[in-house]
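Presented sequentially are two complexes of chain A, the first with chain B as partner and the second with chain C.
What follows is the complex of A and B.
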């Protein structure tokens, strides 16, 4: 892996983690009885930026390196399901996240008075933030398993 | 300083913030609740402590992933990283992550959440430091669950009645 790809992979992981942490912060804030819209706006925006950056860097890494250098190692190892199940799930489940992040951020940035007045809307936003966080967490855990499997050759 | 040392030091700082914050939160909340109510100053102290616990958690997770990434790039065999000790620690960190959500959503009470946080942080700290521990995943989780039950029981049956009186 050349230095540019290493930096790309580091950015993919760090901004992905920041995005999941931002969804978590939005969820914790939405569960509070008194909403702090300053931090809700900040974290919802961080979630959108983080998830898009993670998407682009992850996509680049997959297209340029993973497919040729990592996937064959995992497929030939004793754990081919790590690619067949986890990587495939990670790729496809991830696609929900940019849309969930955008919905969450748009609602928080532009529907402040509606959220404060409508308990039902707040509950839906809690569910949206919860879904984004839980899906993000699963993707992080799947990434850990895939990353571990990539080193099986040296085991 | 090399990346490994930087990440290990950050990981330790995260754990110290978390375990220290959880200890302070438990001590302060017990002291604050002596009169049955948490006043504004006490609430302010607790908020600051919770901020440091969350900061510690964030540093711990970020540096933990940094270490995993470093091992991945150095080609370290997964068997030496993904041990029972590591997986148990990961599970405990997940408990630490979900604990505030459960208490905010009023699924668990504060008297359960607080000792759960304290025991979980110390368990993560001990497992992180005790690298040579040779125990299975289930025995580690078993001891952890027993410690959680004892802590929750201690708060519920020895401390709570004193607060109410």
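What follows is the complex of A and C.
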């Protein structure tokens, strides 16, 4: 892997983690009885920016390098299911997150008075933030398993 | 009519449509090779094609709902209902995608 691709992969991981942490921060902030909209707006925007940057950098790595160099190693290893199940599920479930992040941010940025007045709206925002965080966390764990499988065979 | 809630509801519908499009394309392209080949031909990689299709559907449904919005909106209750549908669509789709690849691996 050339240095530019290494940097690209590191950026993908770091901004992806920032996005998952931002979804968690939105979730925790929404669970508070007194909502801090400055903090909610900041973290919801961080979630959108982080997940889109992670999408583009991860997509570049996946399309240019993973299929040719990493996938064959994992497929020939004793753990082909790590690609066939974990990687396949990870790359497709990941695609849900940018859309969850956008609607979460849109609601938080533009519906402050409605969120304060409507408990039901707040409850479903909590569920949406929770879904983004939990799916993001699973994607991080699957990414760790994929890196682990590739490193066992190539290390 | 609360214009903001109507517009945001349109984009929530767009997100639901995008999530379902990704799920449908994921399963369909793996079961029907020509669809995967078509996505590869059009976008250089089938995964890029699925992402592009999801963005297109999200924007089309979101802006379509914004432009052709009805006069009678249901305010924050409609946004809450939209988020409820988005939440369950996402959970259902994640289970379908994961279950599909487990099934493909085992068969």
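Observations on the structure shown:
One rule holds in what follows: the second predicted complex is superposed on the first by the 153 of 155 C-alpha atoms of A that agree within 3 Å, B and C clash if a C-alpha of one lies under 4 Å from a C-alpha of the other, contacts with A are read in each partner's own complex, and residues count from 1 in each chain.
Methods note: contacts are C-beta pairs under 8 Å (C-beta built on N, C-alpha and C of every residue); 3 or more make two chains touch, one makes a residue touch a chain.
From a predicted model like this one, the values you see are computed outputs, not experimental measurements.
On the shared subunit chain A, the superposed partners chain B and chain C are arranged side by side without overlap. Once chain A of one complex is fitted onto chain A of the other, the partner contacts of A:28 are limited to chain B, with no touch recorded for chain C. Residue contacts after overlaying the shared chain place A:100 against chain C, while chain B stays out of touching range. More residues of chain A lie in touch with C than with the remaining chain of the pair chain B and chain C.
Within the superposed three-chain model, A:42 lies out of touch with both chain B and chain C [touch as defined at top]. After overlaying the two complexes on the shared chain, residue contacts for A:52 are found with neither chain B nor chain C. With both structures placed on the common chain, the touch criterion links A:81 to chain C but leaves chain B unconnected.
Centred on chain A, the angle reaching out to chain B and chain C in the chain A superposition, using CA centres, is 140 degrees in steps of 10.
Applying the stated contact rule after C-alpha superposition, one finds that A:10 touches chain B and leaves chain C untouched. Once chain A of one complex is fitted onto chain A of the other, the partner contacts of A:148 are limited to chain B, with no touch recorded for chain C.
In the superposed model, A:120 makes contact with chain C only, not with chain B.
Applying the stated contact rule after C-alpha superposition, one finds that A:1 touches chain B and leaves chain C untouched. After superposing the two complexes on chain A, the shortest C-alpha to C-alpha distance between chain B and chain C comes to 18 Å. Contacts of chain A with chain B, set against its contacts with chain C after fitting on chain A, share not one residue.
If you check the complex, the residues on chain B that touch chain A are 58, 61-62, 65, 68-69, 71-73, 75-79, 81-82, 94, 97, 100-101, 104-105.
By the touch rule above, chain A contacts chain B in their complex via residues 1, 6, 9-10, 13-14, 17, 21, 24, 27-28, 31-32, 137, 144, 147-155.
Residues 2, 4-5, 8, 11-12, 14-15, 18-19, 22-23, 26, 44-45, 47-48, 50-51, 54, 58, 75-77, 79-80, 83-84, 86-87, 90-91, 93-94, 97-98, 101-102, 104-105 of chain C touch chain A in their complex. Residue ranges of chain A in contact with chain C, taken from their complex: 55, 59, 62-63, 67, 80-81, 84-85, 88-89, 91-93, 95-96, 99-100, 102-103, 106-107, 110-111, 114-115, 117-118, 120-121, 123-125, 127-128, 131, 135.
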